[in-house]
Amino acid sequence: MLRVFKRLFSYDKRFMFGFSILTLFIMIALISMFSPYNMKAWNTVPRDMTWSWKYPLGTNSMGQDLFWQAMVAIKNSLLLGLIAALISRIIAIILGLLAGYKGGLFDRIVMTINDSFIIIPLFPVLILIASILRTSLSIAVLGIIIGLFGWAWDARLFRSQILSLKEREFTKTAVLSGMKTYKIITSEHLPYIIPLIMAATINNVIWVIGMEVTLSMLGLSNLNTPTMGTMIYWALQYQAIFLEKWNWILTPIISCIVLILALYMLSTSISEYLDPRTRLQMIKEE
Amino acid sequence: MVFKKYFIPRFIQYLTVLFIGITLVFIIPRLLPSDPVEHQLNRMTAQGQYLDPAAVEEMRETLQELYGLKGGLFQQYITYWKRLFTGNLGPSFTQFPTPVIELIKISLPWTLGLLLVSLMLSWLIGTILGGIKVSFPNSILTKLIEVLAMGIRPIPYYIMALVLLIIFAFIFPVFPMAGGYSMGAKIGFNLNFILDLFRHAFLPILSMVVLEIGGWFLQMRNVASNVVEEDYVVYAEASGLPKLKIIFRYIMRNAIIPQITGLALNIGFIFGGALITEIVFSYPGIGTLLYSAILAGDYNLILGINIFSIVGVSTAMLIIDLIYPLLDPRVRYQ
Amino acid sequence: MSIIDVKELKAYYSTEKYGRIYRVRAVDGVSFQVHKNEIFGIAGESGCGKSTLLKAVSGLIKPPLEIMEGEVVYNFDDIRLDILSLKEDKQRRKVRGVRISHVPQGSMSVLNPVRRIKKSFHDIVDAHLKIEDRTLFDDMVKKHLDALGLDWSVMHAFPHQLSGGMRQRITIALATILKPDIIFADEPTTALDVVVQRGVVQLIKKIKKEQQNTLIMVTHDLAIHANLCDRLAIMYAGKIVEEADVDIMFNQPKHPYTLMLLKSLPKLGDKSNRVSAPGAPPSLIHVPSGCRFHPRCPEAMERCRKENPELIEAGKGHRVACFLEEGSK
C-alpha cells in the first residue's frame, strides 16, 4: 500500500497536488478548533474591515472575522462531507455487494430501487426535505440526509465490479478449491474493491459538498453554523457583490473551488491508477 | 415484434420508477416531524393578528383538505393518486388560488428552452471533441481541452453560475444580471425582443454548457478509446480505408451508442443543475419558481414541482430509450 | 524468389507508467523469407509473439508497439517496398487491401456491427477503386461471393444476424475481393467448431488456387498447419526456433520444443498418454538468459544457459536454432 502511495505521489502531479491541498485543508480544519472567536455569534469584531494584520481576511458585515470563519467553515464543510459520504458509502457497499453476490430476484429488486434513485432528480427532493426541516438542520442532520440519497450511483458501480470479479478465473478456482465464501470476499476480492471504494468516496464527497453549498446558498440549512455555503448565503444577503466586498464573497467561493478541484484530482489519479489496463501491467511486473 | 422485447420492459421500468418516485415524494413529508398545516397557521398567527379560534379551526380543515392530509395514511395515498390522475397538483398557497400546475406551465417553457439548448450544445460539441481527441490523440489542442474539461467539471452548478454572474454581469457588465427578458420589453416576434431574449439567456446557457461539455467530452473519450481497439476498427485500418471514414462510420458511429445511454443516465442530474442555474440568474423558469416557493413556504408548490420533475425526467429518459433501437441494429433486429 | 524478406526484426511493446518502463520483447530478432505463392505458417504457444510478428510484418504498427530494429521488404514484380519506412497514411494505405490484406484475430468481431455487410464491401472497394456504376460493383461482388459459396442475401444483413462461420467466410471474402498479392491471416480458424473449420480451410485453399496469392498464416493449431501450409516456422519467446517444409517438420523435427509440440498432438488409434511440455512460456518482459527454452528443455546443457543459439542450416530449407544441432556437426 505504502509503495503504491509513494509511487503515485512522486510521479503523478495531480495526486501530489490534490493530496497536498487536501492535507492543507485538513490541517486548517484541525486548527480551526482553536478559533478565538465563537462563530455562531455576531459582532465579535468590528464590521466591514478589509485585510489587516489583526484580521487577515478582513471582517464581514455581521462582525465576524473572515479568516477564522473561513477555517471553521472549511472544517464544517469537510465534516459534513465526511458524514454524508460515510453514510452513503455504507448503504452503497451493503446494497452493491449484496446485490452482486446474491443475484437473482433480490438483485433485480434492489437494482430497480437503485435506478429510481439515479433517475429521480435529487435536487428538488432535497429541497423538499430541507424546506420542511429548515431550522433543525445541524451539520450532522444535513449530512445524514444528503447521505441517504447519494448512494445510488456507486452502489451500481460496486455491484458491477463484484459481478465481473465473480466471473474471473481466480474466483472460480477459489470456489472449486473449497474456500469459504466470506474468505473469498475478504482475501481475494477486497484488494480490488477497496481502491474503487476510495475513488468513489472521493467523488461522492465532491458531490456532497456541492449539494451542501447549493442548499445553504438557498437558505435551507442552519444559517448560524458557518459552512462554505452559509458564508456565501450571508454574503449575498448583504449584497456583497454590489458593495464589492470581495473578501467576503470570494473567500468561500475560492476555497470551495480549490477544495473540490483537489479532491477531483485525487479521484481521477486514483481511478486512472485503477484502470485495468495499467493495473495489469503492474501486476505482471510484480 | 422485436420491439416488444425491448419496449415493454423499458416501459414497465418507467412505470415502476414513477411509482417509486411519486410514493417517495408522498412519504417523505409525512415522515418528517413538521406539520405543514401547523406551519402555515403559525406563520399567519405570527403576523400578530388576532384570529377567531373557530376560523382557525376551519382553516385547518380546509388546509388539510387542500394538502391532502385528511384522513388516515392510506386514505391520503388514494386521494393523492386520484388527484394526480386528473392533473391536480393542488393550489399554490402564495398565489392562491392559482393551481400549481398552472404556475408550472408558465415557467416550463423557459426551463425547457434552457435545458434543451444547453444540452444540445454541450452534448454535441463535447461528443465531437471527444471523438476527435481519440482519433488524433497527440494534438495539442485536444490535450488542452482535456485538461480544461477535467478541471471545470466537478465545480457545482451554483458556484459556476455565481462566478459567471460576478464576472460578466457585474465586473464587466456585458450581460444583464437577472430575468428572462427586460422589464417593459415589447413581447412579440420582433428582432429586438428576440435579441433581448438571447442576451438574457446567454449567461445561464453558458454556465451550463461550460460545466457539461467537459463531462461529455471525457465520457466520449473513454467510450471511443474502447471502440478504437475493437477488431473492426483495426481491420478497417488494415484494409486501407480512408481515415475520415473510419472516424465517422466506424468509431463514432459505434461510440455514440453508449454515449446516448450516458445521456439518459445523467438527465436527472442535469435537470437539477438547470434549476440551480436558473435560481442564480433569476431566470423565470421552474428553478426560480421553486426558489420563491421556498422563500414563501409554499408547501404545495414545492411538492408539485417535485412530482413534476420526477415525471418529466423519467419521461425524458423513456424517450431517449425509445430512440436507442434506431441507433443500434443489434437491438432492432434479433 | 522471395516475396517477403524479413531481416533481424525486433518489435517491442513499450509503456511508461509512473516512472517505470515496461518492455515486452514480443519479437526479438527474427529473420525469414517467404516465397511467392506459398503458404507459410507460423506456429507457437500463446504469448510467443506470433501475432505481433504478423502485425509488424504487415505494417500494422500502432503504439505501444514499436519497431526497434530490422527490415521488412516486399518484392513485388514491379516494385520493391520497404514496409517499415513507408509513411503511415498515404503510402501504407495504398498498399493495404490491394497488395496486402490482413485478416486479424477474432474474426468474430471484425465486421462493423452497425453497418450492413453490403456497406462493408462498399467501403473496402471504394477505398481503392473508383467504380462509378453500382451495378458493376454488384456484379463484381456477386461473382466473388459465388466463388466462395456465399449467397447474395447475406449482403443485406447485419453482422450479428449471421453465424460465426458465415462471418468468417465473409471476412475472407472481404480480404480477397481486391485480389491481393499477400494475405496475412491471424488465427483464422480459432473459435470455430471443427466442421466450420474444415469449410474455412477448404475456402482458403480454393482462393489461393484461383488468385495465386501468397499466404502467411499464424495459428497455434498444428493440425491446420499440417493441412494447409507449405512451409512452417515455430516461434518461441519472440524468436524462431525452427523452420522447414511441412513434411520435414513433422517427420524430422530437430528442436526439442518442436518435438514436444508434436508429441502432444493426438494421433488416431494411439491411446497412450499425451505428454505436454512442462512449465509455461516465459514472460516476454523478463526473458531467460541464453537459450530461451532452456528452463523447459530436457536436453539443456551448460552452454544453453549462457548463450543464445542462432538459426543454422540443418538440411535443405531446414533451419534450427539449437546447440544440439551445432554439436552434431
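Worth a mention:
Order as written gives the chain letters A, B and C; numbering starts at 1 within each chain.
Operating definition for what follows: contacts are C-beta pairs under 8 Å (C-beta built on N, C-alpha and C of every residue); 3 or more make two chains touch, one makes a residue touch a chain.
Quick caveat: nothing in here was measured; it's all calculated off a predicted structure.
Chains joined by the most contact pairs: A-B.
Chain centres here are C-alpha means, and the one lying farthest from chain B is C. Mean C-alpha positions place chain A and chain C at a centre distance of 52 Å. Centre-to-centre separation of chain A and chain B, using mean CA positions: 23 Å.
Those residues of chain A that touch chain B in the shared complex are 112-113, 115-116, 118-125, 127-129, 131-133, 136, 206, 209-211, 213-214, 217-220, 232, 241-242, 249, 253, 256-257, 260-261, 263-264, 268. Interface of chain B with chain C (complex): residues 230-232, 234-243, 245, 249-250, 253-254, 257, 327-330, 333. Considering their complex, residues 13, 16-17, 20-21, 24-25, 28-29, 32-34, 36, 150-151, 153-159, 162-163, 165-166, 170, 265, 267-269, 271-273, 275-276, 279, 290-291, 293-295, 297, 299, 302-303, 305-306, 309-310, 313-314, 317 of chain B touch chain A.
Every residue of chain C that touches chain B in the complex is listed here, in rising order: 58, 60, 89, 92-98, 101-115, 123-124, 127-128, 158, 160-161, 171, 174-175.
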